[in-house]
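The structure is given below, and queries will be raised subsequently.
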Amino acid sequence: MLTTVLIFMPVAVALIVWLLPLSRLAAGGVALLASLAEVGLWIEALVRFDFDSSGLQFHQRQSWFSDLNVSYHVGLFPFSLWLVGLTAVVMAAAVAYAVWVGRERPRAYFGLMLFLTGAIAGVFTAQDLLLFYAFFEAMLIPLYVLVGVWGGAGRLGATVKFVIYTMAGSLLMLAAIIVYGLQQGTFDLLEIGPSSSDWVFLGFVVAFAIKAPLFPFHGWLPDAYRESSPEVSAVLSGVVSKAAAYGFIRIAIAKFPGPTSDLRGAILALAAIGLVYGSLLAFRAPDVRGVVAYSSLAQMGLITLGVFAVNDLGLDGAVLQMVNHGLISAALFLLAGMVERRTSTGEFALLGGMARGRPALATVLMTTGIIALAVPLSSAFAGEFLILAGVFQQGWGWAVVGAVAIVLAAMYILRMISGILHQDVGPAVPEAALDLRPGELAIVVPLVGVLLALSAWPAAISQRSFPNDQPQQAVRSQFRAVSYVVRETQVTLNVSRGTP
Amino acid sequence: MTIAMLGPEVSWYLAVSAFLFATGAFGVLVRRSPLIVLLSLEIMLNAGNLALIAFSRHHGRGDGQIFAISVMAIAASEVVVGLGLIVAMSRKRVALDVDKLNFLRG
Amino acid sequence: MIHRPHVDWLALAPSNALLTAGAIILLASVFLPRPARRPFSAFLCAVGFLVALIFAAVLYSHTPDAHEEIAAAIRRDRFGALAQMIVAGSGLLAIGISYAERSSDDHIGEYYAMLAAAGAGMAFFVTANNLMTLFLALEWFSIALYVLCAIDRELVGALEAGLKYLVVGGFGSAVLLFGSALVYGATGSLRFGGIANAVSSQGLERDVVLLFGLAMIISGLCFKASAAPFHMWTPDVYEGAPTPVTAFMAAATKTVALVVMFRLLVTAFPQEEHLWSVTLAVIACISLAIGNFAALVQRNVKRLLAYSSISHAGFMLIPLATGSELGGKALLYYLIPYAAMSLGAFGVVAARERELGVAVTLDNLAGLGWERPFLGFSLAAFMFGFVGFPLSGGFVGKFYAFAAAYRHGWTWLVIVGVAATLVSLYYYLAVIRALFMRSAAELQLAPAGGAPPREALLHVSVFACLAVAIGSFFAVQPLIDLAGHATRSLPL
Amino acid sequence: MGNFLVWVVWVFAAFGCLGSGVAVVSFSNPFYSALALIGNLGSLAVLYLLLSSEFVAAAQVLVYAGAVMVMFLFVIAYLGGEADAPWAGGPTWQSLAAVLAAGTLLVEIIVVIGLKAGGRLSHQAHIGRSFGSPAQIGRLFLTDHLLAFEITSIVLLVAAVGGVVLGAHARRRYEWGSARLPRGQAP
Amino acid sequence: MIWGAWLCLASPLAAALLITLGGNALSRRGAGYLATFATFVAFIGAAISFFSLLSHDAGDRSHLSTGWTWIAGGSYHSGFSVLVDPLSTMMMLIVSGVGGLIIGYSIGYMDGDPEERRYFAYMALFVFSMLLLVQGGNLILLLAGWGMVGLSSYLLIGFWQERHSAIAAAKKAFVMNAVGDATMALAFFILIQKTGSLDFGDVFARQGFLGGWAINLIALGLLGGAVAKSAQLPLHTWLPDAMEGPTPVSALIHAATMVTAGVYLIVRTHPIFEQAPKIEDLAAGLGAATLVMAGLIALVQTDIKRVIAYSTMSQIGYMFLGAGLGAYANGMFHLMTHAFFKALLFMAAGIVIHALAGEQDMRNMGGLRELMPFTRWCFLIGSLALVGIFPFAGFFSKDSILAAAMDRGWYGYLLWVAGLAGTFLTGLYTFRMYFVVFGGQRSAFVREHFHHEGHGEGPFSMTSTVATLAGLAAIGGWIQWSPFWHPVTSWLEPVARPLVEPANWMEWTSSGTALALGLGGIWVAWLLYGARRPRPVPRVAPVESALVHKLYFDEAYDLAFYRPAMRLSLLLGRFFERPLIAGTGRELAEGSVDVGRGFSRLQTGLVRTYVLAIASSLAVIAVVFVAVR
């Protein structure tokens, strides 16, 4: 029930915001309250979550249409819990930023943001393939409008490109879902058995690869991240991309053990290429958002490396890094937005020297940046370390590539920090540009605070991201170790009672 | 008390029907005057009728004839509506040439 | 000695209700004063459709087992009853959309009478059980639609659309007729069941005349369903006809054509499934290709929606082509949200058209989303639904359609459908883009003076469409049960 | 002997039918076309007679050649039949394709019938005397095809109303429709 | 005891956080006092640990305290733990002690800088990081500290952030250190794969299971980290540039503590290196090569801080030499004395720079000996200690390393010769600097710019630090005189038992030769720069040019790595990303639209075409039906 509330509370508030004639202030306020309430609900779930249990928790199941065995089935695994938490926190920050900035047409805007929150929460909790797909697609609707209406000058092209790219993948996934589900006779992720079809597997993988995005499916990424409003970019790269990584874990590697090991080399290669490629392009990107965008590409490559290592270290690291990167890129995009608001540009050629006299901006940006480049002791370092340690066991070459990319990450993040904060004062930086205001600090500092807290204790996530803290075991059992057994015994009981 | 069929067998009638059908279709395809197009449609329907009646005779069942009579009524109805349209067009000073009716296209 | 066949009045009730309504409208509009005609005719027509809807529902619930009625001319079953419900619902909503249409003022009584007559013909059509009734009922509603298309003679395009529809439709009818004659000739039967029996008892599976006839019948019906390459009349007629009529045609004509095609093929030609299923699959692919690609370059919204309806004919031919129970279910289910979405979409277009006084293009749709949030939101929702986004029945419909194709072993068709959906995304999104992502300032034309008339009925209709389109996503189980029972009443 | 006579009649009727059919589509003046169609319908009636369908033949002459064609001629006279060159106009490929398509259809049907002619189509059923008689037709219309009969009447009614609606004079000019161009160009 | 260690670790971090969060609520000077205080608290913590360790038996001097599980993945996990053992305690004392002194010095040095608070926050952060490095109870925390000191170093080098050169130098330092971090991480991955743990105990216990190639790779990876951090060949180029930071930073980070972390790493992980003798030899060899090379380059540098920086590289070369040979205690001892005298030299140089309004070019200095007598004497003490002149600190520590080399066969002798050559060079470049800065006539620049800020040669905070360090540099070496007493060696014995036991004759021979060569170097420097009428400096143009260009390492790296990467990035952007990745979508879209236009053109508007479509499709379907049947 709690899971359902997590999904539909924001949607319900979205409807309220759309339908009631609220003032700008009220619409923003209601939305902010709702997104904070979502965080509260998540904390409630976290507190009540039993990390020692190996099954699905807070689950709810209701038949949707029975002839094809499709049901509304939601629930939380530990990694879903973390990702829902990431969603709640990032969305709250994004909504808060939007309130602070004061978006045009507030009711439509905030309604969409809340709707998006619910859809993403749905993706991370759905335990039915078709339901997963439905939420996966439902995310696109608000994103299309959010980018297309409230984006920058090139928003129309960017948003169409984004949606078409993503849909291309999703539709392949739909085909794969149909084939897979009908072959197995059910769409329930807990019941559906493993498949050995490479094609079906590829359908899923391509969909996720586009959503993530992985090299070379990232054609939509630079435009979408540049043209969206900052908080939408934050959500896109912080949260939405994680849906793909989640899909890799929950569906691709769990349900397709054979194809995973067949095609692992190719996928790892793409991820590794993306890692280096994204880093190299981030290093050349002329503006702040470009750097963060391409670094997202690189980071998603890294996370994919961890996932497709399919071992304890890689998977734990991947989940940790998903949360890290979500928070980091959200914070960076919001900061980029704050910088752009002051200078009306994000181009390094026009920026610089903003640190002087703006200690808060400098401190927050610097802190986020150095966590982003995975300086040891940061949670990002912990995540990358685990991922690379994991993928190292699949082949030392992957880890070497990863290590090279970490050096490159240092280069492009430092370039970005210097480009904004250091050296000569840029032509677009007015003397009067203020330091971060308390309101803005209230938006980003919690994100950075969470990151620092995670840096002190990354094991909080990496040790609690899979049932029984045994990722490989959980994947091998397709995440149905206990609950599935229970279900089976129930079935047999019924049968035995039915036949005297 | 039955009668056998005299004259050519049914396939000959069908051949005529086919020829008529093709002629009508050809008329619809090449003529520009909507009136002649309507006439060609009538020929096609009549080709169908001929086939129906031939088969009706072939099977010795009456329902083909019933069908044919109904088709006559239908053909008449189509003609009525078609002529109504043509009259309306001429009232609106629209050229009676189907090739000039290409305002809607693309 | 004439033994009059037993007449099952309930089976005829939906048609009769509409016919009665139409007749009363015709008579009354002669006697009533001009101002009273519009409300009266519309009301009566609505009552007719409503009663037809209720009768269809009653028919559905009271027909657990299918049986042939009136000397086997029609078949009373749930399949037909469900299709009648869709038709009646579409008609009801079309009235809401029509009500404020002022262009048909001259013939307001006739307009609604024709609408009722078309509805009656369709209600009859879907129950047809022999080739003659099929042909006659088809002509019945076609003739009514020819008239409806051209009823607004002031509109230049309307006459053109009417004549084009008539000529092409006449040709299609002739083809259908000749095909029926050939099938009759080959089997000696007009009754669907009789055809199938004759084929199996006389070993006519490979009979050339039968097959030729079948080819012609399929062509004739595909023409009505506006499946490519028999689709070419569709864009012109949809664009030229008065928008409410287009709405009704898009929803109802396609419904009945597809439903009857399914009924005919599975009851009369089960032995030829290997031929028609592949053929229809190929036709589906062509429709998907042509409909979607051609829609990419359209600027006129009605035309764009026409191409979209062609592509949807393709989508719905996919389950139809499988000729399976799942396929039938998928088809019937899909028709429900599809009909609602196309009615709603054309309804919004109609509203905009009346507001501006010119044909609606993507350009002058600009800003509608913000000016008229309800209409804008609804149109956007319909577009998302057409694409097959979740939260609309279009999603479940496509899912079922693809599932049916896959069950039939046609993974390639699933892929084609998926690819077509992707292409379609572009132009559906273009509509949404026009609605919300451009400001009204970009609109060249100022709205024609002041606030447009408040069209309460149109809003109600659009809202109902929205409710069906979205509701069918959540209420899949009841609807699919409905479709399932309906399909099971066919001899599959 | 009877057989030979029937053959002779058939040949005349058939060729009359085909010839008038071709004439309909090739006359440039609709008036002549309509006249040719009457001939066509007449020869068809003869063919119907040869097929023992007396009632249909009668109806063909009365309804078709009589009523419908009169209406046609009336309209043609009303409009003042403009002549058009039968082959002119339209893209060349259109005409070529038209010949090709119609020819293909013809060949196909002929081939199909020819394929079958040696088999089933050569064994016509023997029929009773009443076959095709008004009595039998009437009986069928009131029993097995009651519904078809009714529908036909409804369709005629619909068409009649439609014809009136379309053909009647517009009673009133439309006030705001002057700006209505279907393609959305600004006036 | 353990709480002392935790206190030691926590107090600088707390200071850093307080200063950051305090913002304007804290006065600038208050920030300085807070940082200094916190560092001294850390020193007290370290002292507590030290004394409580003293109270334990030699065999019971290793204590691990785990706070919580810091990182975990599957069965691998590492705690956030501190290790208190002789080695870490020694480092803690050096770091917090020298660190406290230098931060105290900074209060005076940085006085008046508008961003003083940031400076002290960074400094406190650095002390925390360095303490984490040395106290970290497992390899991953060591790496964490390793990275964090790199970060602090980056922050502090780039402290004057409007200076392009400073920012460039900071980035360079960070990136080169990141290379080292990466190689270390790779080594750790092997360890995790092979042993499943990164705890010192587990790793050292299980390393026997490691295959030959694995242990060599691990050692190589660790050496990579050490080399990068300690600015040894070939990853040394960042250190001279790092002198862009404030002088106390150079003193603390780039002389006394951080750069010597490589030595600490080798000593800490010596069981691994001992399994990989080739890598050990490599370490020693790199140390020797670096010490000679750095000495040579230092001869031609004109920036006072750069000269000291090269001397630092050179001295760390000695430490690497020692640690690589297995003379761990000697290396560590030199590390400690080096911390004293090198910090002293930097601090003294800092006073000079301060007095000359930030000027660092020695060519503009001269004749300062009367103007700054205190500084001059302190600088002299530091220089003598650096060259290793009896009885100053360097003598004891450096010579023992040279002695250790003699106990290692022919390779040891090779290194020994290199070390001796380095001694001569040290004398030469150190005293070149001394004579140029303090000797001779006052230059025009000095006359123009020299100024006292009211009190003596600097504020008390600066002079007191310099005096303290001068004292330590003078007498600090007496803690251990290898032939006679060796408390440092025995203190470290439980952690790192030395591999070499030089005999006393080796000690004497080395000391004697080294002393002689050092004095020789000083003499030559006096002849060339110090004498009343200096001899012309012999010049060999190509060699000098090569040395001025630091042997072209920067250029080579630029050519080998930076430019190819930039070019690749550019090419990828221009020829792959834009046309292929971004272009494919557009091409597809345009293609689709073209197809659509084609279909749309078929829709001619002619009703005959529409009929034709039906007729011809019908013909096709019928043929197919009849043909296929």
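Which chain is which? They are A, B, C, D and E, in the order written, and residues in each are numbered from 1.
FYI, a residue touches a chain if its C-beta (ideal position, glycine included) is under 8 Å from a C-beta of that chain, and two chains touch if they have at least 3 such contacts.
Because the structure is predicted, anything quoted here is derived from the model rather than measured.
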{"item": "Shared interface partners, meaning chains that touch subunit A and subunit C", "value": "E"}
{"item": "Mutual neighbours - chains that touch subunit A and subunit B alike", "value": "C, E"}
{"item": "Per-chain Cα centre nearest the global Cα centre, belonging to chain", "value": "A"}
{"item": "Of B-D and D-E, pair with higher C-beta contact tally", "value": "B-D"}
{"item": "Rounded Å distance, subunit B centre to subunit E centre (Cα mean)", "value": "97"}
{"item": "Whole-Å gap between the CA centroids of subunit A and subunit D", "value": "68"}
{"item": "Approximate Å spacing (C-alpha centroids) for the pair subunit B, subunit C", "value": "26"}
{"item": "Interchain centroid distance [CA atoms averaged], subunit C/subunit E, Å", "value": "77"}
{"item": "Residues within subunit A bordering two or more other chains", "value": "164"}
{"item": "Subunit B: positions in contact with at least two other chains", "value": "10, 14, 21, 24-25, 28-30, 32, 37-38, 49, 54, 56, 58-59, 61, 63, 66-67, 70, 74, 77-78, 81, 84-86, 88, 91, 98-99, 101, 103-106"}
{"item": "Residues within subunit D bordering two or more other chains", "value": "90, 94, 97-98, 101-102, 105, 108-109, 112-113, 116, 121, 144-145, 148, 151-152, 155, 158-159, 162, 164-166, 170, 182"}
{"item": "Pairwise chain contacts, counting only pairs that touch as defined", "value": "A-C, A-E, B-C, B-D, B-E, C-D, C-E, D-E"}
{"item": "Of all residues in subunit B, those that touch subunit E in their complex", "value": "25, 28-30, 32, 37, 98-99, 101-106"}
{"item": "Touch list for subunit D against partner subunit C, complex", "value": "108-109, 112-113, 115-116, 121, 139, 142-148, 151-152, 154-155, 158-159, 161-162, 164-166, 170-172, 174, 176-177, 179-186"}
{"item": "In the complex, subunit E residues that touch subunit D", "value": "604, 606, 608-609, 612, 615-616, 618-619, 622-623, 626"}
{"item": "Parts of subunit A lying in touch with subunit C, wherever the complex brings them together", "value": "63-68, 70, 105, 108, 130, 133-135, 137-138, 140-141, 144-145, 148-149, 155-156, 159-160, 163-164, 167-168, 171-172, 174-175, 178-179, 182"}
{"item": "Touching residues on subunit E, where the partner in the complex is subunit B", "value": "600-601, 603-608, 611-612, 615"}
